[in-house]
Amino acid sequence: MADDRALNFLDRTLDNLQRAWTELAQTTRQYIGGQLRPDLPDEDLARLRRQMESCIGGQANDISARARAAELGRAYMGLNQTGRMRFLVELATGFDIDRDTVDAAIETVAAADDEPARRVAESRLRQSLEPRWRALLRRFTTLPEGVKFLVDLRAGMLPIARDSVAVRALSDDLRVMLAAWFDIGLLDMRRIDWTSPAALLEKLIAYESVHAIKSWDDLKNRLGIDRRCFGFFHLNMPDEPLIFVEVALVNGMAPSVDQLLDEAAPEIDPETADTAIFYSISNAQRGLVGISFGNFLIKRVVEVLGREFPNLKTFATLSPIPGFSRWLDGILTTGDATLLTAADRKQLRLYSEATQNAMILRDLLARADWRQDDAVAQTLREPLTRLAARYLTKGRSGRVLDPVGHFHLSNGARVERLNWMGDRSELGLKRSYGLMINYLYRPGEIEDNSAGYLGACRVPQSAAIRTLARE
Amino acid sequence: MADDRALNFLDRTLDNLQRAWTELAQTTRQYIGGQLRPDLPDEDLARLRRQMESCIGGQANDISARARAAELGRAYMGLNQTGRMRFLVELATGFDIDRDTVDAAIETVAAADDEPARRVAESRLRQSLEPRWRALLRRFTTLPEGVKFLVDLRAGMLPIARDSVAVRALSDDLRVMLAAWFDIGLLDMRRIDWTSPAALLEKLIAYESVHAIKSWDDLKNRLGIDRRCFGFFHLNMPDEPLIFVEVALVNGMAPSVDQLLDEAAPEIDPETADTAIFYSISNAQRGLVGISFGNFLIKRVVEVLGREFPNLKTFATLSPIPGFSRWLDGILTTGDATLLTAADRKQLRLYSEATQNAMILRDLLARADWRQDDAVAQTLREPLTRLAARYLTKGRSGRVLDPVGHFHLSNGARVERLNWMGDRSELGLKRSYGLMINYLYRPGEIEDNSAGYLGACRVPQSAAIRTLARE
Amino acid sequence: MADDRALNFLDRTLDNLQRAWTELAQTTRQYIGGQLRPDLPDEDLARLRRQMESCIGGQANDISARARAAELGRAYMGLNQTGRMRFLVELATGFDIDRDTVDAAIETVAAADDEPARRVAESRLRQSLEPRWRALLRRFTTLPEGVKFLVDLRAGMLPIARDSVAVRALSDDLRVMLAAWFDIGLLDMRRIDWTSPAALLEKLIAYESVHAIKSWDDLKNRLGIDRRCFGFFHLNMPDEPLIFVEVALVNGMAPSVDQLLDEAAPEIDPETADTAIFYSISNAQRGLVGISFGNFLIKRVVEVLGREFPNLKTFATLSPIPGFSRWLDGILTTGDATLLTAADRKQLRLYSEATQNAMILRDLLARADWRQDDAVAQTLREPLTRLAARYLTKGRSGRVLDPVGHFHLSNGARVERLNWMGDRSELGLKRSYGLMINYLYRPGEIEDNSAGYLGACRVPQSAAIRTLARE
Amino acid sequence: MADDRALNFLDRTLDNLQRAWTELAQTTRQYIGGQLRPDLPDEDLARLRRQMESCIGGQANDISARARAAELGRAYMGLNQTGRMRFLVELATGFDIDRDTVDAAIETVAAADDEPARRVAESRLRQSLEPRWRALLRRFTTLPEGVKFLVDLRAGMLPIARDSVAVRALSDDLRVMLAAWFDIGLLDMRRIDWTSPAALLEKLIAYESVHAIKSWDDLKNRLGIDRRCFGFFHLNMPDEPLIFVEVALVNGMAPSVDQLLDEAAPEIDPETADTAIFYSISNAQRGLVGISFGNFLIKRVVEVLGREFPNLKTFATLSPIPGFSRWLDGILTTGDATLLTAADRKQLRLYSEATQNAMILRDLLARADWRQDDAVAQTLREPLTRLAARYLTKGRSGRVLDPVGHFHLSNGARVERLNWMGDRSELGLKRSYGLMINYLYRPGEIEDNSAGYLGACRVPQSAAIRTLARE
């Protein structure tokens, strides 16, 4: 028995030897065939095209097509900036739909004279309108890391798409494919906390785009017992968050992000919290631009938190107002008599020699130190808050001006409360003069709010905001 | 502290009371709105249509659309046979593409006079060709059990699709959607063995379609240490196999399935086996008809087994020949001089009074007891085997006659060896006079075989089969 | 790179070759050394003793001691009945405590004249009282399957321990070791249901000792949605239940096990059940005899079920009365005037010619058909039920007579209700004339009941039982 | 149906209300009973004693005993330093063995006049020697976090044990209990890497005791692809490492830890490494002092790595020599003619005015800057290395002088190579003048080495070390 096993093992070992030699030979042959050069010169393009063609077609031999797709993927990864651009242009122009086929299919539709014929013709037309790159790109979905490859491939298309109509069409179509692939039904919402893998937490640090995470201690604070962080993950990209949101469980609607990020602040018992503040939501995959997950994530998190903490009464964001200062600067240039009330004007004239309302404001805001000077800052508080309320609730061409506002109003939130000096970071002062805004999600109203905003640009708002905006 | 907790708890409890009342009220209102009656009479159709419409459109309010889709799904489940047919017809006719929109889009394509305009027009045309039911069906993918619902919905369409062009179009389109959804990249190949959940094993018993599993002991035998069973599972339907294959690890190519299914036969050490016999492959979801997984499954299993057992040299099936007796009966009716060799004829004349070759065979095969009579059976062995070889290798309109043969040849197998009395079950005797066939998968040749068969109907075969078929 | 990898692979392969040869050589040498013969003749005993010694001692070289223990384990498994007995006797006699050392240690204790000296002496004495087999047996706990081996080893000791004082001491000591090892803190209570591995469910079928499981369908019925099954598992024996209990969720206290095991009976919604019936509890490991898990299991299950189903008000068993008929037969032999009431007597005299109470009963119960004859059965119902109540509540030497009763009363249950014809199986009729008993576990009383029974043999009972027992 | 559900829910909710009141009442009552004060004054001691007693005894009512133990645990946690000391002294003195019982048991042994009587008496004696605290401490093993509590309880005993004989006995006995509990068979060796939970990695940073981890980047470097980290975990303390070892996969035996910890150093392909360097091994639980896991961990890691990386030829540590400078300082005080060779002496005299060998060395080593001065350092290299070799290989009372050396030699390593300036950290310079040592683990020799060292204090060493030590 034991001898049998040993002889058996010898046998297998000799087999392995033989295989190793075969593999060596194959690899060598393959290498003689040669690889694409990094900048993909013209001589290599024809070979690339053949390689691309070889990934399409042939239903039965999926495994080898899969292998060729993997090879093509490696080839792309080996290219430099120039090479990648040439690769993408080749794909966009050489594997688009064929106009002649489309035109012929249209004629057949026109000529169809009974129901079955018409149906067949429509079906052909539909097929003719499908670009050939789809067959190629679909090969990747079966590869390990293939989905991540497609996401990154699209990220690579984005800068080129600005100048190339063809690549733009390719990028748009890949977006449609990815949208189907990243269907909400295939996403997994997972809680991220201090017991999550360090390799994942490191990505939060890298991807956080609203309030930068400064250190592991900062991160740990954001994952404390009175915090929650949730992300969406795709089943085929289990280690990569698509989007994540950071939530603080507090009492009362938090007015300031500085306070939330203060590592020295004591933790509270989350069971006693009455308010969940969504203070940061970040997309993590550039290649998924144009596919929206935030709406769904927020609603799911509201649901989950409501179930875990029955005491929670209020779900609100603490959001930046990224377009406010740019908008205000524009207004100040054109001048606008309604900028200040008489009272404001009286106060502010104490600090500025200008006479026009717009000039007064411009003058004061231009001072590097206005925030340091308490008296000035206090004087500016009212007019700026009022103007921000106006900015946030005013619609144009069916949407409000602020992009973050548009996002939350589309989701069914309402404009709730402005917070003076909610974000004293440099960026916060620059883009919104330190103001932050709470958008409020009231479970019972979300749908009506969303429908009213999307349909008729109706902007739900609290009485306080309405009053501010009207003055 | 403890008192706080208790009071806190009381507080929550009272909240719960309130919620319970609200829920009760809502439920009541909803019920007054009324449910669809099981056979879906005309008066209910309009309501159904509104319900269907309400599931489409509205990007922002996914959660409520999802809830409505769930409601619609429950409504369908509550219908009887008639009601379900009416439901599907309504969906197929009321939510198809709109011809006017298609025609208008075609005109815009024709009228486009520059590249960007053309692209935009093509994109619209593509959209106009997408039936509206897609938006509705897609809602289900985000529901728990939703994917399974779609699969079963399609199973419900299949019998109706025979008579209704509209439902056929719907069914075909759903097949396309499901094919994307059940992309091989989203499937999980899992080994099934005696430590698998009983709830899953029970499904094997129900779904096995080649050699019925007679008992739990029979099943345990098929999951012994010298067996392997693998299935594909979809990530959103983790408890439902899509397809599964049963493999025996043996020495030499198994000639008889009776032997493999013999529970009393001793197990062998799988490490010493040189051959893997795929003796049963069953699709488990009727609603996925037309979407092929078998090809991929076999190749993956070959890969996996090759890695686990380096001693394996041969990968072959032991397959039924389901169309053989029907084909032969046809031949025997028309008569064919080449049916028997002179030697056959001489032998067989001993047992039959007929004179024509076809008549002799028909005569003998018609006897209920031919198999019991060893002498007769032995005499029939050669001519039947020869005829089976002919049947299995003969192509017509680009494919061989036998459906199982077509499947394996498409996958890249070759026709290897015929086994007399390989399947003595009643079904086996009836459809193939007890003959079984080994298809051989040789890793290095799979691709060429497949390409040759699919392209030029070239049927790879062993020398033995070739000789038999030629005689 | 690729070439490097291939050469690297060759390199490793050659290494493997070399190792294979070495292994072959070693194995051969080892085999020449020879194995123990199955019946362990005297010549092999000395070798065995050396092998046993080699497993003890030497802290640093655990790995090789572990290997030697594994070898010893394999040796034991290879022995036949005789060999195993000789093995165990050798272990029990050759590796016990050393009396001389004990006596010497006792003397040192006596001689110790200060506190530290006394402590040291006590510690030595404690050590001297630890049998040497402990060091040997402990080696196994670190082996894969080692714990299971010890459990089975003890099972092997039990029959021998009856005749051998030495083996009894060994067995008792191993029980103590196993009791520490199978501490409740290391056990994992797991729910077993229809999604559990078939390999585990198969063991339920094998180990069920109260009401035999007749088929997989019977088993599936016991794991339906209105049933619960829980088992204890040891972390090092994850696939082996130690004990398991079967529970039915019903309305009202179930009077008959036939009804619970009826596969055709409809399932109920477990949320609506008000009673949990523990109708079977089985120990699965013979080698753990003397270590009690049942008490803990029942309490944990009461806890878990109470949390899952807040509607549950009653937790009770439906238990056999295994000693009743034997006890009654004894009584009937001695005769006892209080056996029948006057009313009983009058009724029963209709069917029996005997005159003495005991004789009447004996006469009727001896008839094979008494149960078939409805009139007789009805007449017997009252006296038998009354006698059973007396049997179940009567204590002797600090415990009730029935072993199952003793178990549940020790755990804190009370004797609640007798069920005529609760178990019509042959065994049920034979041992308890078809009667079954509900023991009731009332969460608030368990502890007091247990203390009262264990301390003062107080038997808690319902008013109905009390009345019956008194008559 | 829906109404039923809602009413049902109401019903349950009212139940919950009732329970909440009951809980509130109980809690209040309990609080009136009062808690122990933090410093455990004499008046509270009696209550504590009763609480302790109530955790012992009573087999049947485990659940309430468990609850009382949990309560006792919480009481301990609520005490301050003084209170904890008094708690432990109470436990050690009030729950020790009872001398009278022991003495009585001894007499019974002496009086036993046949085998069975003797066995019974021995068994009683054994029981009488078991301190009562064991029953109490065992209660904790069934509590969640209970094992961790015992570990920390022992950590709390250690400082007190120095002064209190009773607490020392308690601590020693708890060590024995924990040693059984933390039997190697119950430990789980797990790899720790960058995908491990941050909460676990944080503990590595806290517990690392050889080369402090300075930051998360430092940690990430130690978990790179050419590193391995393994820890032992107990099944009941899954989030707490007991011990962990850090390994670098390198080419050639690493001479310097600075190099290994250099975050800028490039990673190598671990498949190509020929050497595994164990450069840090840290115990993580102070309460487990005296229970050794390192030996087993190293061997298991050697096994696991050897299997994963067949290219590995050498397994060695890179270890500190913590006792060297202290030993050398001692020597230098007493003086020793053999400290320097004539050549050394000649070289060193250039930098020192002293004449005696010991004085010369003392003089030079006392200079704060000797390491900065390359010429001096180079001159010292040889004599210090030689003296270190002597220190490392010299045995006294059956063991070498250095504790780390004793650990590795006990495990079966050999003293392989000294590395000048292997650890330039302040600590490294202070305790071993910057020298580090490689201990080599050769799989084939481990056992013989270990046996030779433990038995006869034979110190295996390389030829180079031997030569150095002899000079």
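In this document, chain identifiers A, B, C and D correspond to the written order of the chains, with residue numbering beginning at 1 in each.
What we mean here is this: a residue touches a chain if its C-beta (ideal position, glycine included) is under 8 Å from a C-beta of that chain, and two chains touch if they have at least 3 such contacts.
For clarity, every value in this text was computed on a predicted model and none was experimentally measured.
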Far-end chain from subunit D, centres as C-alpha averages: B
Result of counting contacting C-beta pairs for B-C and C-D, higher pair: C-D
Approximate Å spacing (C-alpha centroids) for the pair subunit A, subunit C: 59
Distance from the mean Cα position of subunit D to that of subunit C, given in whole angstrom: 39
Approximate Å spacing (C-alpha centroids) for the pair subunit B, subunit C: 48
Where subunit C touches two or more other chains at once, by residue number: 16
Subunit A-facing residues of subunit B, complex: 8, 11-12, 15-16, 58-64, 97, 99, 102, 106, 109-110, 115-116, 118-119, 122, 125-126, 129-130, 138, 141-143, 146-147, 165, 169, 180, 183-186, 235-236, 271-272, 295-296, 299, 310-311, 410-412, 446-447, 450-451, 454
For the subunit A and subunit D complex, residues of the former touching the latter: 194-201, 216, 220
